[in-house]
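Shared chain: chain A. Partners: chain B in the first complex, chain C in the second.
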Partner chain A sequence: MVLVLALGDLHIPHRAPDLPAKFKSMLVPGKIQHIICTGNLCIKEVHDYLKTLCPDLHITRGEYDEETRYPETKTLTIGQFKLGLCHGHQVIPWGDLDSLAMLQRQLDVDILVTGHTHQFTAYKHEGGVVINPGSATGAYSSITYDVNPSFVLMDIDGLRVVVYVYELIDGEVKVDKIDFKKTTTTTAH
Partner chain B sequence: MMVKKRVPDWLNSSLWSSAPPPDDERLLRYASKYADADRDEPPAPVAPVAAAAPPPVVAREEPAGAARAGNDEENGSAEGPSGEEFARQVQLLAELSKKVVNVRELRRIASPGIPDSTGVRPTVWKLLLGYLPPDRGLWPSELVKKRSQYKNLKSEVLIHPSEITRRLDKSTSCDNDESKFQRRGILKRSEITHGEHPLSLGKSSIWNQFFQDAEIIEQIDRDVKRTHPDMDFFSGDSAYAKSNQDALRNILMLFAKLNPGIRYVQGMNEILAPLFFVFRNDPDGENAAAAEADTFFCFVELLSGLRDNFCQQLDNSVVGIRSTIARLSQLLKEHDEELWRHLEVTTKVNPQFYAFRWITLLLTQEFSFTDILRIWDTLLSDPEGPQETLLRICCAMLILVRRRLLAGDFTANLKLLQHYPSINISHLLYVANKLRSKPSG
Partner chain C sequence: MVLERAEDEEKWLAEGIAAIQQNAFYMHRALDANNLREALKYSALMLSELRTSNLSPHKYYDLYMRAFDELRGLEMFFKDESRHGVSVVDLYELVQHAGNILPRLYLLCTVGSVYIKSKEAPAKDILKDLVEMCRGVQHPIRGLFLRSYLSQVSRDKLPDIGSEYEGDGDTVMDAVEFVLQNFTEMNKLWVRLQHQGPGRIREKREKERSELRDLVGKNLHVLSQIEGVDLEIYKETVLPGVLEQVVNCKDDLAQYYLMECLIQVFPDEYHLQTLEALLGSCSQLQPTVDIKMLLSQLMERLSNYAASSPDVLPEFLQVEAFAKLSSAIWKVIDAHAEMPVVGAISLYVSLLTFTLRVHPDRLDYVDQVLGACVKKLSGKPKLEDRRATKQIVALLSAPIEKYNDVVRALTLPNYPRVMEYLDSSTNKQMAMVIIQSIMKNNTCIKEADKVEVLFELIEGLVKDVDGIAVDELDEEDFNEEQNSVARLIHMLYNDDPEEMLKIICAVQKHIMVGGPKRQPFTVPPLVFSALRIIEALSSVPSPELALRLYLQCAEAAGDCDLEPVAYEFFTQAFVLYEEEVADSKAQVTAIHLIIGSLQRMTVFGVENRDTLTHKATGYSAKLLKKPDQCRAVYACSHLFWVDDQEGIKDGERVLLCLKRALRIANAAQQMASVTRGSAGPVTLFVEILNKYLYFFEKGNPQVTNSAIQSLVELIKNEMQSDFTTQDPASDTFFASTVRYIQYQKEKGGMMGEKYGPIKA
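Presenting the complex of A and B:
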């Protein structure tokens, strides 16, 4: 049972001052084993805050990140799943699922986590699953102002993943989940 | 190195009732027997010495249908049993082979000690702790019942929240196994059951409780890894040690979860260790395999009498550890006022400095493992109960080193009592027995 937090596109301080209070109260250290962040934090303070939640932090670079040394893409293996991470502004058309599927096949991962559109999506295709955790602060995107703060928590348990979607709608935290499993095991590296 | 103690004259006085004064030769044999058995392994299959072979074989064949005695030849110790011990062995096996075991009688026989070679220690302990009923006919059904009970408890209590939510999902009618095989498309979002999600801060949330228990689990894990690091049974990288550690962990975690009032306190692992060791080394393969379940129930039983020692709030109460230590002090004063005065008044060695560990951990830290098993034979079988017997043994421990204590100052005495020297256990128990306030039956 491994808990992985996926979030991104916070745009602190340019477009939002901080995470919503209700999110912050839930995100306490000691519960989460890994954090994967799609990018656009944008400043070091956010990086430090995320580090306090969990020491295992993975970030890819968004176009507004002040830290230039984050990688463009990242892959990691957690349990039986290979996860891929990319901010997503590099994949055009933005948010296009077929193009993202191409990236997923390139990275050869089961779950691809990308952002940039500030809209939560979870999509399945033959190559695997694409998850967009949305914007954790509800910052406006290049496309729309209408953004609900959201992030994703994945519970990886063997071959099964339960994706918990946390959204702040009208000031209340709503939690949904998505269940899926993969049919083959990953070969050990 | 065994210290060969000469029995003080006052103990040899004819005023004392039961057993005959121990003769030096028997003491010598005990001393060397325990020196040999002091390897911390279960009685290793030693080639049976010619002297040992005939008497035990006769003993085993005698009681018809003796439960577990048959396959013990290789467990013979390096020395043959002495006359008195052999007689005890015979009585023990005889009692255990009866249709209905007389537990009072069993206590009487087991009290001076259970000979290692018989391999009946696990069974006797289970009877003494009330795990096995006296009627032997009920044993198979009882064991099956208890063991499956343990299995159910484990699967209900020791699962982590992912597993729980999975089960909850299965029970609610949302059965989307078929829809999961969609090839392409937006993944369907579903409602969370009972508002349960990993970051939940609700008091009744299983996730929240899980994270709160995580601290205790960490503590248990640390203590289990530190239990008897010198013994291959408990420590090391072998799969055997790891599986034993897992069992200890499971038992302690289950106990902590089922007893929220007392949870886990450091030291419980030390009390658990001898129990598990004995049951796991049962010559009967089936019993050995089910050791974890059996140990759990016996541990609960044993701890029920000792809980008050572990409860911090009760420390200063009438049942708490402080008052128990005071009783030890009183006992010493009754039997050996000179020593008492010298220890507590002259050298100001507060009994809390040494007796706390002796009492709460049932002497598991003071002696070698084999000696502990021997002492526990007496602790568990004495009709006065473990706590009372323990106090007498502690008092005997003090009396046996009285000469050194009387000659020592605060530092020397404290050092001596906190690192108690190894002594002849039979003698210790013999002295402890003499300290009874009323004559034993």
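Presenting the complex of A and C:
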């Protein structure tokens, strides 16, 4: 069982002061093995905070990030899965599943994680999965109306990944989960 | 019956006056002849007319004044011993032989006046004698006028400090005691009138009493004018004496009038120093006495006193005026739970006015008063009593007017809570008051959290409340309100861009729920407010941030259907792009952001959209590096195809973009061959292929399966060519693309059919 935290679009301090307190109390150091972050932190303090949660931190560049040297895309292998990470403002139209699928093919990954729209989504697409963890702080977005703070926790176990999404709705944390299974050990169709 | 009575009274009065005049005539004749005996006889006869029981106070007064005038002549005669040869001491004895008590006492008082003037006996003794003797007349009206006469003739003869009658044991205290006693007796008589005589209706009695009240109150005036009465004497003797009588008489008419008199007649300084005693008595008055009126009057006087000079303010602090007054008020309001709300609120208004005058820096006091108001109103529905709402508006306006700074009012936690109790139209009225104050005083609100409170207060203007739809509002009023809100937005400003951004987000949040009728008023000023900071940002080296903010604003303007404003923002973004974004990497990101934003905009008409897309594609093709050009150009293809129902779907222009991208990719390959000796990787072609597939699936008729087929062949050829650099990434990409094509074919159905002819 490998826990991967996927989050992004915090937009601290431009659009939000901090992560919601209820989220912060759940994200405890030492429990998570990897963090993948879609970008738009935007400042070093957030980077440092995430690092305290887990040293294996992967970040791609969002258009508001202070640190301009984060890569545009990143791929990594965790267990049987290949994961791809990209902020998503580069993929036009924004949030369009088919355009994101193209990126998935280009990076050749099972799980593609992107952000930018601040809207949590998880799609099974062509045997792979496209996930958007939304905005961890519920930051304003011109794309999504009334953003609820959210993040994703993936539990990778062999050929199976369970995607847990945590959303803060009206002050309460609601959890949902989605199951994915890879059909073969090679990159899935 | 009443009318008959009235007519009768006129007759009796006329008769009485005639009798007085007649006897006075004879009296004057006797005076002229220096005939004491005759003078006394006729004066007694004259004064007998005052023995009548038939007249109402108003008419009795008429009669009394006639007699009073005539007695002046008599007094002068008494004074001049040479005219009648009797010493004043003997005279004093002589007049006591008059037959009836009332004339006797009037004559006695008249002689008494002369006696005191002669200084043959101490003033205090004579006064004491007179005030006691007057007890002989217990009839309320007659007694009151008699004692009033005593008061009048003794006025200038009191043993006051600096008066000629002072000294040798005659002191101010004697004067005070005399007046106090006269006052006490007069009050008793006055109260007795209430219970006198059956068959008289209560209203008439109260009217009569009202007519007589000044006679009683006069004594308090006299007390206040005694020079020797300083704070000490007031505190120790005068006030306790008066209050004792007021409380013990248990008559609501007397209590109210006398307390009012007391408050008006004595100096405010004295009231300050005796607040506890005063307020303590207030709580002992009859339940029917309108205490809140009295408290209001007291507070008003004290407020004016405070305003008269800043030197007096420390006194207020020293006697803890606020604490005493507020606690008295809370007690009164609690004790009279049935008091209508308007009464309680007018008390709060008086207390607040007082607080603002005396303790303007004590915001906690101000908040306390508001808090008490909230407590009183809690649990009740919104106010409907117009007078009560008027009072609340006064309550809420007072701090704003006083401080000329709405921001202070915003820091009072109870302020918005009070506003909640107003009905919606008064709430709006109050909101307008707040806005007008801000505008008038040019108050600038600099913090986002204060902006939040402000919008809470003006909520009624900014959105639909209480289920009242916008359409139901009067159009002119509505426009005025919205324009005020619009103007207000410009007063919310901070030079620090970060704080300003927070302010803008706060305002935006509120005006977004205002609905389509309000937004045309409220959004433009917000947008231009935002423009101001962005301008600040672009003159500072942050053109990239400024560009992003312009795009955000454009999207926001688009959401509000403000086409020209959105267009303006895009124009500004392009200007920045062209003039300020120099770094090639930054340009790539920037142009993608512009394309991404533009792709989502639905507000533009054909012309504007064309101009903007043309610019976007133009800049895309001019990026520094060919691969970047290629990617930006094929991204532009999405500008001509929006998946939405009403979105544009211009298949031809999509294909034009893709073909242009292809040309650029080709050129890139050739350039690479020329400069490096081998062609670059086929990645770009694979990307373009994927875009072809995208539009193919969406049903763009211009993207045919043969076009796709040729592209597939092209890529295969390139990959197999020796000139091409091998690149595992592009290989994998192409492989996964081919797999995808296969996958779609195997899907069957429409998609399968579409992909059928393609061989990968």
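Here, the second predicted complex is superposed on the first by the 182 of 189 C-alpha atoms of A that agree within 3 Å, B and C clash if a C-alpha of one lies under 4 Å from a C-alpha of the other, contacts with A are read in each partner's own complex, and residues count from 1 in each chain.
Following the convention adopted for this analysis, a residue touches a chain if its C-beta (ideal position, glycine included) is under 8 Å from a C-beta of that chain, and two chains touch if they have at least 3 such contacts.
Note that the structure is predicted; figures quoted are calculated from it, not measured.
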Room on chain A for both chain B and chain C (clash or fit): fit
First, second, both or neither for A:93, with chain B first and chain C second: second
Touching partner for A:142 - first (chain B), second (chain C), both, neither: second
Partner chain(s) touched by A:31 [first = chain B, second = chain C, both, neither]: first
Chain B versus chain C as contact partner of A:126, first or second or both or neither: both
Which of chain B and chain C A:13 touches, first, second, both or neither: second
Chain B versus chain C as contact partner of A:157, first or second or both or neither: first
Vertex chain A, arms to chain B and chain C (CA centres, degrees, nearest 10): 120
Chain B versus chain C as contact partner of A:165, first or second or both or neither: first
Chain B versus chain C as contact partner of A:105, first or second or both or neither: second
Closest approach of chain C to chain B (Cα atoms, Å): 8
Residues of chain A at both interfaces, chain B in one complex, chain C in the other: 126
Residue numbers on chain B that touch chain A, as the complex places them: 160-163, 165-166, 169, 176, 180, 182-192, 195, 197-201, 211, 214
Chain C contact footprint on chain A (complex, rising order): 13-15, 63-64, 68, 89-90, 92-94, 96, 98-99, 101-102, 105-106, 108, 126-127, 140, 142-143, 187, 189
List of chain C residues in touch with chain A within their complex: 498, 501, 505, 545, 548, 552, 555-556, 559, 585, 589, 592-593, 595-597, 599-600, 635, 638, 642-643, 686-687, 690-691, 694, 697-698, 732-733, 736-737, 739-740, 743
Touching residues on chain A, where the partner in the complex is chain B: 1, 3, 25-28, 30-31, 121-126, 129, 153, 155, 157, 160, 162-166, 175-181
